[in-house]
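Pasting the structures here.
In what follows, chain A forms one complex with chain B and a second complex with chain C.
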Partner chain A sequence: MTAAVRTGMREGFVSCEACGLLSRPVDTEEPGECPRCGAELEFRRRDAIQRAWAFAIAAAICYLPANILPVMRTTTLTGEEPDTILSGVVILYETGTWYLALILLIASVMIPLAKLASLAYLLVTVQRGSVRNNRERTRLYRILEIIGRWSMVDVFVATFVVALIQMQPLMSIAPEPGVLFFSGVVILTIFAAESFDPRLIWDSSQGKQETND
Partner chain B sequence: MTENADFTNVPEATPVPKKRSKLPVVWIVPIIAALVSIGIVVQKYLNEGPTIRITFPSAEGIEAEKTLIKYKDVEIGKVTHVNLTDNYTRILVTAKIEKHAEGLLDKDARFWLVKPRVSLSGVSGLGTILSGNYIGFEPGTSRETRRDFRALESPPAITSDRLGREFVLHADTLGSLGLGSPVYYRRLDVGDVISFDLAKDGRSVDIRIFVNAPHDKFVTPNTRFWEASGLDASMGAEGISVRTASVTSLIAGGISFETPSPGPAAEAAPNTPFTLHKDRKTALTPTMKEVRLFVVRFKESMRGLSVGAPVLFLGMPIGEVTDIGLEYTGGVLRPRVEVAIYAYQFEQAFTKETLAVQKTMSREKRTDVLGRMVAEKGLRAQLRTGSLISGQLYVSLDYYPDAPKAKIDVKQDPPEFPAVVGGMAELQTQIQRIVAKLEKMPVEEIGGDVRKTLATLDATLQSATRAMNRVEGETLPEAKKTLEDLRRAVTAVERVLNSTDNVLLGPDAPAQQELREAMQEFTRAARAIRELADYLERNPETLLRGKNKENP
Partner chain C sequence: MALAVAAAIAFLITNVEPLMTLSVAGRQASTTIAGGAWQMWEQGEKITAALIALFAVIAPALQIGFMLVILVSVRRPPAPRWVGTLLRWEGIAVSWSMVEVMMLGILVSLVKIAALAKVVPGAGIFAAGGLIVLLAAMSSSFDPREAWSRVRWANGEWPQRALPSFGSDAAEAGR
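Up next, the complex of A and B:
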């Protein structure tokens, strides 16, 4: 780490998140708008940690019913069958398509869980002003942002299936409340990741380095 | 204190750092998430239905988490566990019933396994071939709730959505009946056998039948049920008749019913017990309920009267003889005949108008009709010959206005019906009376009379002889007296002869006969004596030697 890095914030400048233009803020509290693209300027995302925490906790709350409640109900001639995400994994595994089971397990169970865990880790480290593994944490955050939206595929699959498989007497599929909670988890983790400001990782390390200097 | 006081000593207020007291709006999101989750948990908990346990004889086709419990094809629960019972004899099925169906779980609710069944009376549960077996459910009527049930061995034949009524039939044997055997009314399939069981004492069979609405209204307390199973072949004067209800009943057995007397009889209450008769004929024989029993004490012989002989009222059959016996009354044994008069047969003989009038009468009045006819119009029972060839008798009720007054004493049980001596018997008694008169005739006295007459005659003759002698020996003046005597004697003879005549030519025929026979004997004896005298005259030696064989 190089010592005494000059940051825009410390120099009294603010960079536009949309177009990247460095400008002089009107006021430290209310930086104003970007003179080039008109986006609202801010030194750091407002209440980043609080917002991220709130969304993360909400997502965690939703995560339980998303996995316990059935996501869809399959009605066939031989009866009705409600399916949760995990029972879907089990069925896929039992029917021999272990790779599909694995995909479902990773995409629907592990990734949301990993996202929640990562968010919590990032938030805790930032709040504690940790200076270690800054680069790794930043990379983690990037991965979080990228893969977050892919979990939505599950919800799309469920919606498609429900819409397509409506062969009434033979087979039909209906959505169950679990799918709402699951999409809730996905959306809330995206929001949480979005609310988090990765620059905070560096802010604290700057402070630390300053004190260290 | 002066004006230009030094204010430098005045302490400065401590600045309070502006606290960001307001909680960011974003915290609403987790709160909402938490509330929704809690709401769902609470709702799920509240919707949690009761858990019930049902024991089954076998777990055939029952799968945990799969087998449903359905009522009217609506899913009301699901099997959660399948275990053995504690004593390993049955299967204990634990099932979760949905909240909305909780109220259905009353004490006499029934569960049974629905699976494809093929029986003579039909095929059921075909749908389960595709959907898998499920547990059928039928709520009871009790208000008590219950959580432990015992499954039925077979599905109940009736469900609550089937309208109609259940009845119990008592039969000696089950015959060829089975579950689902049809019940016919005028050969229409109107119901079926839903269960059967031995009566508690094991002496009869209780068969429960269900008659579908609206036909159940034809079952009245008066209805007769009989077994319509199989063939009913009978041979009679009109040829051979074969009766069968339907091909199904030939195979699966069946029950028919009929109500003997049509009319606005009240409908039978559900579960009314009836007797299941062997066949139509016995079923339609009236029962004791509508029967009035009477005792008739005839004075004549009962020869030719048998139990079952008809009772005819002015020629209309209204009953039959139920018992014939002897009764010890007043020191003698007398015949006692019990007759039964069937109200419905009686009423059947009425014209419509009479029936209508009769219906308007009060019950007491109606039952007293016979009594009044007996008391006022001289209705009497009489034995009559039904057939001259067989000599069979029947009891006839007829009006005899001249008969001595009598009435039915309803206090007796059974009451006595007054009788008159009837037809053949009357003739018989008349003959008897004549014979009795003949018997009473004083034959001996008549004989004595004859003897006396003869003695008198003798005396008269003697006196006549004397008179003649006197006529001979005495003087004529006495002749007059003698003549008078003679005249007297002659009149006496005349009288004797007359009386003898009476004796001989009177109705006393045997006497006459005997007299004639005696005379003939007498003649024969006289002839024999003459012949003997002639023989002795020619063969005097026979007195010593005996009769020669060569010389008869």
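Up next, the complex of A and C:
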């Protein structure tokens, strides 16, 4: 990289996040609205780091009750039995469908954890102005955006199981608060990923090259 | 266009027909997607129920509905201003529509329930499978840039290739 790096931001260009139109606002402080679609223009998402941290921390707080509290309660003639996310995975494994158990384990335990960890990693490195592994970090962000939704699987499973198994007094399954926390984790991590701005990853490499900006 | 219409039909079937029916000791029960959300609501998990309804029913419905309206209206450019608004909303609806995630959820719950009772997959489940394929085909054949270039601009100008304050090929470089 040469010393005088040309970036869109420095040249006064901003691309619209809604329609993709590249425009050059008159006032770079207050870019205003996209001339084509009318969405608000921003060079960088506003308060990206603070917002992403807030959502990520909220998600982390929900993560504990999501895994400890039961998501379902099975009532049969012989008694009641609560089911957590992990015990659901174990039951699936024991009944012989290990591949489905693996999918659930990845989707509902590993992905949320990995998401939280990578969000924290991205945020910390951006805040420290790290210039290493920029490409990898950008790729990590893209993966984050795609896989987040798949954690919702367990909530759907709970929904359909609850909806179908209503055979009082033989057997009935009722949802428990764990479901709420679990969907909370999923939604909050999606919000966190959305409020983070991947362009920030590249901004610090600019700062390292030159004194100002 | 054809794909969008097909997706709309598949969506209707998915939501009207029962996903699966199970029978235990001579009793039968069946459910639809909306029924699942409703049951969740009844059992006190209202927020989760609302989320399920949003991701599995409302967002896909909006996605298909917006797509149909957009496709019809950009046939004769320039399309009016509100089509641009729809295009923006369409993008938001897509990001929250989780039909494919729901499908995986259905399959897992199918296996889970199969351990407890006899399950018969309903027409809805196959329609849901078709819907996923159709939605994927629809969004990959739809080019938002092409649609955007046919919509009247927010600042009242006609669709144009050039930027108001810059060279004509800059718009192409925009994405």
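What we mean here is this: the second predicted complex is superposed on the first by the 203 of 213 C-alpha atoms of A that agree within 3 Å, B and C clash if a C-alpha of one lies under 4 Å from a C-alpha of the other, contacts with A are read in each partner's own complex, and residues count from 1 in each chain.
The rule we apply is simple: contacts are C-beta pairs under 8 Å (C-beta built on N, C-alpha and C of every residue); 3 or more make two chains touch, one makes a residue touch a chain.
Just so we're clear, the structure is a prediction, and the values are computed from it rather than from any experiment.
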In the superposed model built on chain A, check whether chain B and chain C fit or clash. fit
Value for angle(chain B, chain A, chain C) over C-alpha centres, in degrees, nearest 10, is 90
Should A:Ala39 be classified as contacting the first partner (chain B), the second (chain C), both, or neither? second
Just checking: does A:Leu102 make contact with chain B only, chain C only, both, or neither of them? Give me first, second, both or neither. neither
Is A:Gln50 touching the first partner chain B, the second partner chain C, both, or neither of them? first
I'd like to know which partner A:Leu188 touches here: chain B for first, chain C for second, both or neither. first
Please indicate which partner A:Phe156 is in contact with in the superposed arrangement: first for chain B, second for chain C, both, or neither. second
Looking at A:Val131, would you say it contacts chain B, chain C, both, or neither? Reply first, second, both or neither. neither
Considering only the touch criterion stated at the top, classify A:Cys62 as touching first (chain B), second (chain C), both, or neither. first
When both partners are placed on the shared chain, which of chain B and chain C touches more of chain A: C
With the two complexes superposed on chain A, say which partner A:Val90 touches: chain B (first), chain C (second), both, or neither. neither
Please give the least Cα distance, whole angstrom, that chain B and chain C reach in the superposed model. 14
Overlap of the chain B and chain C footprints on chain A, residue-wise? 177
Chain A partner, complex, touching residues on chain B are 24, 26-27, 29-30, 32-34, 36-37, 40-41, 66, 68, 75, 130-132
Chain B touches which residues of chain A in the complex? 47, 50-51, 54-55, 57-59, 61-62, 64-65, 69, 77-80, 177, 181, 184, 188, 191, 195
Where on chain C is chain A touching in the complex? 19-20, 22, 24-25, 27, 29-31, 35-40, 43-45, 47-49, 51-52, 55-56, 84-85, 87-88, 91, 98, 101-102, 104-113, 115-117, 144-145, 148, 151, 153-155, 157, 163-166, 170-171, 173-175
Interface with chain C, chain A side, in the complex: residues 15, 18-24, 26, 33-39, 88, 91-92, 95, 97, 100, 103-104, 107, 149-150, 152-167, 170-171, 174-175, 177, 179-180, 183, 187
